[in-house]
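These are the structures, in structure tokens.
Next come two complexes, and both contain chain A; in the first it sits with chain B, in the second with chain C.
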Partner chain A sequence: MEWRLLVKRWKEGWGEPRYQEYVVDADPDTSVLDALEKAWLGDRSLVFEHACHHGVCGACGMVINGAERLACITRLGDVAVGRTVVVEPLRGFPVVSDLAVDKSRMFRASAEVSPATLEPAPGRGAEGIPGRAAVRPEKLLDCLECGICYSACPIARTMENYMGPGALALASKTLELTGDWGRVAPALERRGVWSCHAAFECSVRCPTGFDPGGLIMVLRGRALRRGGVG
Partner chain B sequence: MYASGSLMPYPRVVVIGGGVTGAAAAYDLAQRGMRVTLLERGSIGSGTSGRTHGLLHSGCRYVGDTEVARECYLENMTLRRIAPFLVEKNGGLFVAVTEEDLGYLDEFLEGCGRAGIPVRQLDPREALRLEPELNPGLKAAVAVPDGTFDPLKVIYSFLASARRYGAEARPYSEVTGIEVRGGRAVAVEVYDKVSMRRYRLETDFVVNAAGPWAAGVAALAGVEVPVRPSPGVMVAFEGRLGNMVFNRLNPPSDGDIVIHQRGVSVAGTTSWLVDDPDGVEAPRSHVELIVRRAAEMAPRAAELPVRAVYVSSRPLLGAAGGSGRGVSRSFEVYDHEYDGVAGFATVAGGKFTTARLMAEKLGDLVSEKLGVDAASRTAEEPLTPYWLYF
Partner chain C sequence: MRVAEALREWLDVRGRSLEYVSFAARRATGLFLAAYLLVHMVDISVLVLGEQAYNSLLSVFHGPLGLAFDAVLVAALSLHGALGLCSAVLESGRGLRWRKQLYLAAWLAGAAVAAATIAVILYAW
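Take a look at the complex of A and B:
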């Protein structure tokens, strides 16, 4: 069946973005990302970011019919309104081209705290297995660094130097896992956890349930109990 | 000869392809001093590499070819060492669920021994204690040093490392031509999809790291390379069925793996051959087969909601027909001087796990050709974390 993708496009030198229509033939359970790839087969100038196609890499965060989602795990049939799907780039980041945005602000904020990346996993698996250094099983943190929380956050969209929900949530998790207050010191500055207005849009939109808003509150609470609020 | 302290500017190299092979190649070449520009037609990792299931191969799947298996195992250990923060180091299990599987056990253990891969046979009850989602009727289990990595962040970490040595990556930049003059590649034509500009980039060497698209890129210089795209289907489930990678104890076949990363488990894969890796769709029969086979190892796979179905095309070497399973999974570096185009090489084949080694072998060739006196150090130096790429 046919679907109408309305894609917000912008290229260097264009004064204003414009919406371009692509008609694609697909099943309702086709992902928005696969539909975009079908559109791209006919228009190789269409730019969008994607990699894993199963919701674990965070590359394809987009605004789909008004809400931030990962295009690869969003099905056409679940979001289309009368067979139409509007696809726009994430907010809160500069647009590079079409649907691709520059997420540097998020990664630079993360870099300030050198975030932890792994946490203990539930279960026993892996005890005493060859090639395994640690005893406990581990898993990568659920935060994909997709940038969806920055797009959803009213503060990140308006306060340029705010570290943002993703980086602050990673800082909170890093403290939980390492106990290293020095490492998370930047997150306790004014442009860190104290600038959050607790809108919790980040947690509502987070595609993996990492709950950035909740983690920011945890870090705030720990900092308050520890004293020395700066 | 270019060497450390040399007053001559080091040669320029263009790397075509922003997957793991291109990123690792950019790193290896830049670390040796060359001035590298990487060109990728889409976003970084948007081709095959980003779409891998993320299995850090122990090599045990390839014990049919001792060299390939050993190479895989050694690179597995290297990646753990240079990027431990991107690997779930939980090991893996090869499990027998039928009598037929059991019949492969001795051959499998011998193969692992020949390749020097440390494995340990577990009592099935112990395997079930470690991984309770496994089929309770399992007949044998062998623990192996598998792992799971985050593909895109490994690629960006290679690029962050490359950038530390001055390399530049340009995504959304499609190479539309390779200029050959006097039997030598001297420039590439680039279509920049950000500025919508076409430009010419002069270079001293061109590296084709375009994976399953390599034949098309080589053709731009009038050269043939025997790389065939071989797609495979993968099914991602909502939910994580375990920590250790589940491998079916049998010779390589369809649907013999379930891996876990973050909150999901992914089952795969199948294998066939196509001419063009773009626009390949997952046949429904493959999805059904993969779910059924996954459930033979971990019964609950049949009950979990499907999160995504996707297709990734491997770059297989050789022009063999059939399913692609028989085609070598090792890699090659092709020096196209032998094809009449000097200053041009293709690095193809291999696995994500062996990308660093592929880049090292490529770097050896390019260094020799360009007179750069520097050895690869990518196996020793830790990777720069991906967040420093941005």
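Take a look at the complex of A and C:
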């Protein structure tokens, strides 16, 4: 079965981006990422990021037929319109080449709040082996740092110094887990939670259900009840 | 970022969720209402030109064009108010679990208030 991929391409030195068509043979269950790799076999100049191929690393965030998705867990048959899939780079980040973007602003903002990385595993009590102290199982936070929330957020796309949904959600989780207000102080500045305008597209598009929009509002609510802004 | 570019980013709702469309509607109606306030300040300033000048301006708004404008104004006000209240609740960290239902209720309430007010205007016309 043939599919038409329309890929938005741009490289340094090009004045304007342009769309290039690739026709690939695949079944409807093939992921967009696998289809891109098929296209790449015929055009090694096509640039895109990927690593794990199963929705864990967050590298392959792209805009697929107008909505932000992870290309590795998006099937051609689920998103194609008349067997055509339009693939564009994430918005809100500078494009490095074709579908690869520079997500530095997100990593810088996250680093500012020294985010926690682990939380208690839900539904699991303390566990252990006989003769050893029981420990409460922990899991990694669900944020993949894929950048999809930045691309979906109308504020992150138009306000350069906004910390962004991902970093603010991590700040909210960090406060929940540590209770340390000093650690999340940057998130309570003007460029932090107060610049969110409740579009919630970050939460709708988040591939792991981390709910950045909800977490931002939780942090904002806690800050309001604490009586301290900034 | 240029204003036109920001507007395009905010208001492009293709493929977006109810929450995003609500955000865009808040922005669009907010801009419309701000523009209306400016125009309104200009039109009441016509008073300084005398009673006759002001009355002849008012007569423009007594026709079907004025009625249509009033209907759009009322719809924008109702929608902006309802979505704004919903947003204020969510932005204080409350009702997050029922986010989508709250936005849906806000749209329905905004539409109901607009319809009722437009009916009153039509009745009085």
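We take it that the second predicted complex is superposed on the first by the 220 of 230 C-alpha atoms of A that agree within 3 Å, B and C clash if a C-alpha of one lies under 4 Å from a C-alpha of the other, contacts with A are read in each partner's own complex, and residues count from 1 in each chain.
Methods note: a contact is a pair of C-beta atoms (placed from the backbone, for glycine too) under 8 Å apart; a residue touches a chain by one contact, two chains touch by 3 or more.
Quick caveat, the model's predicted, so the values are computed rather than measured.
S.K.: Mind checking the superposed model to see whether chain B and chain C fit together on chain A or clash?
M.R.: fit
S.K.: On the A-aligned overlay, A:Thr158 touches which partner chain: chain B = first, chain C = second, or both, or neither?
M.R.: Once the two structures are laid over each other on A, A:Thr158 reaches chain C alone.
S.K.: Can A:Ser104 be said to touch chain B (first), chain C (second), both, or neither?
M.R.: first
S.K.: Which of the two partners, first being chain B and second being chain C, lies in contact with A:Gly221: first, second, both, or neither?
M.R.: A:Gly221 contacts chain C only, not chain B.
S.K.: What is the value, to the nearest 10 degrees, of the angle subtended at the Cα centroid of chain A by the Cα centroids of chain B and chain C?
M.R.: Taking chain A as the apex, chain B and chain C sit 180 degrees apart.
S.K.: Tell me which partner A:His53 touches in the superposition: chain B (first), chain C (second), both or neither.
M.R.: Touch partner of A:His53: chain B, not chain C.
S.K.: I want to verify the contact counts: of chain B and chain C, which reaches more residues of chain A?
M.R.: After superposing on chain A, more of chain A is contacted by B.
S.K.: Note down the smallest distance between any C-alpha of chain B and any C-alpha of chain C in the overlay, whole angstrom.
M.R.: For chain B and chain C in the superposition, the minimum C-alpha gap reads 20 Å.
S.K.: Do chain B and chain C touch any of the same residues on chain A, and if so, which?
M.R.: Overlap of chain B and chain C footprints on chain A: empty.
S.K.: Considering only the defined contacts, which chain B positions touch chain A in the complex?
M.R.: Listed in rising order, the residues of chain B that touch chain A are 42-46, 49-51, 54, 58, 76-77, 80, 85-86, 88-91, 118-120, 129-132, 143-145, 147-148, 150-153, 172, 174, 193-196, 234, 236, 240, 242-244, 260-264, 266, 278-279, 307-308, 310, 312, 385-390.
S.K.: Where on chain A is chain B touching in the complex?
M.R.: Residue positions touching the partner: 11-13, 31, 37-38, 41, 44-45, 47-59, 72-73, 96-97, 100, 103-104, 106-108, 110-111, 114-115, 117-118, 121, 123-127, 129-134, 137-142, 144, 208-209.
S.K.: What residues of chain A sit close enough to touch chain C in their complex?
M.R.: Residues 65-67, 91, 152, 154, 157-158, 160, 196-201, 203-204, 213-214, 217-222, 224.
S.K.: Mind listing the chain C positions that touch chain A in their complex?
M.R.: 1, 5-6, 9-10, 14-17, 19-20, 22-24, 26, 87, 90-94, 96, 99
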